[in-house]
């Protein structure tokens, strides 16, 4: 089964203790499935159910289906400026 | 008869060829009277009938009566910035 | 070209970068690190980013501003620790007149705060730390003494 | 303290002058000399002022801004010849947040243009000169070749 890299930033990286995880990319897997997987990991339960998710640096919906080779990122609320 | 200094700036100074004139301060003399006097001088006819006038650096009306020792100034429209 | 830097940002350099003989009005905004937040004394903070996406989103925001108004805009955001009082972000917008310069400058800083993936971790006078979250109640997610996050 | 200077104005110095640890937002405006005005090519210009009144009115405007908003403001205006592209006026306003910084900065530059007794004489590519008058039709009073004014 192909896997897909998920980047974690800021508070989400602190919650999971890592800035990058590889998750299995099952057939028809959606962004919502990946988030559910992350929330089942130790420390992941504090991640919101519908976080801001970018695929290849573009915001996507929970129903979006990442493809092999894509870069997924979970972004906490922006706090720049 | 006392006299009063009238400062001229920018275009008004160019019109009258000087940046300062001493005008006689007749009894009950108003700002309007001083302006009328200035407009009767060579080159003064291009000064507007109701220019912006400051006495001691504060804007005054045409009916204001300057006192001996005051500093009168005729100010063209501001163009700073 | 990156908008991100780990060095001090010079507002004068950004103003100079957007200036040109036909542009008479330049508006600039400097977001500096304050010594307080939500009523707590701040002694230090650190910015981090999703660098590549931050640059891509910032480039889009600058292009939007330059298409909406006849202006040239520049943007710089600092990463890593930033001392109190120093600039975290600087925007400069130059146009023929001040209306468009102010409008574009304001647009860019609002959109940067809303859309650019940058995060801020603050350290307080009592030694505690928190991630800043404008969407959370209280605006903060405290970091525990053991480094874990709530 | 005078707001008037015959030297180049450094926007960074004004930004630094109003900055403080409790002020997180600094808005700055730079009015620079453009190379055109009313469709005519400008090659140079010269500012003059009623110096004492300019300082008095500017002090009043800055006090108004600081009483209307919780900000610190600074202002500098250049006199004498100013090369194309260089700053004629710089305003900086610093507050706790950007709303008040932008509002105060905008207020000061608008009031400076409206109320401070400063004048501008422009020289054009064709060799002619004129006094700028925002209230006049066409915005200019041409200066004749013999130096007299219409």
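Going in written order, the chains are labelled A, B, C and D, and every chain counts its residues from 1.
By definition in this document, a residue touches a chain if its C-beta (ideal position, glycine included) is under 8 Å from a C-beta of that chain, and two chains touch if they have at least 3 such contacts.
Everything numeric here is computed off the predicted structure, so don't read it as measured data.
Common neighbours of chain A and chain C under the contact definition above are absent. For chain D, the chain with the farthest CA centroid is A. Measuring from the averaged C-alpha position of chain B to that of chain C gives a distance of 51 Å.
Separating the CA-averaged centres of chain C and chain D is a span of 27 Å.
Rounded to a whole number, the gap between the C-alpha centres of chain A and chain B is 75 angstrom. Residue positions of chain A in touch with at least two other chains are not found. For chain D, the set of residues touching two or more other chains reads 31, 109.
Chain pairs recorded as touching, per the definition above, are A-C, B-D, C-D.
Within the complex formed with chain C, the residues of chain D that make contact are 10-12, 15, 19-36, 84-85, 94, 96, 98, 101-102, 105-106, 109. Here chain C touches chain A in the complex through residues 31, 47-50, 52-54, 56-57, 77, 88-89, 109, 112-121, 131-136, 141, 143, 147-150, going by the rule given at the top. Partner chain D is touched in their complex by these residues of chain B: 7, 9-11, 14-15, 43, 46, 54, 57, 73, 75-81.
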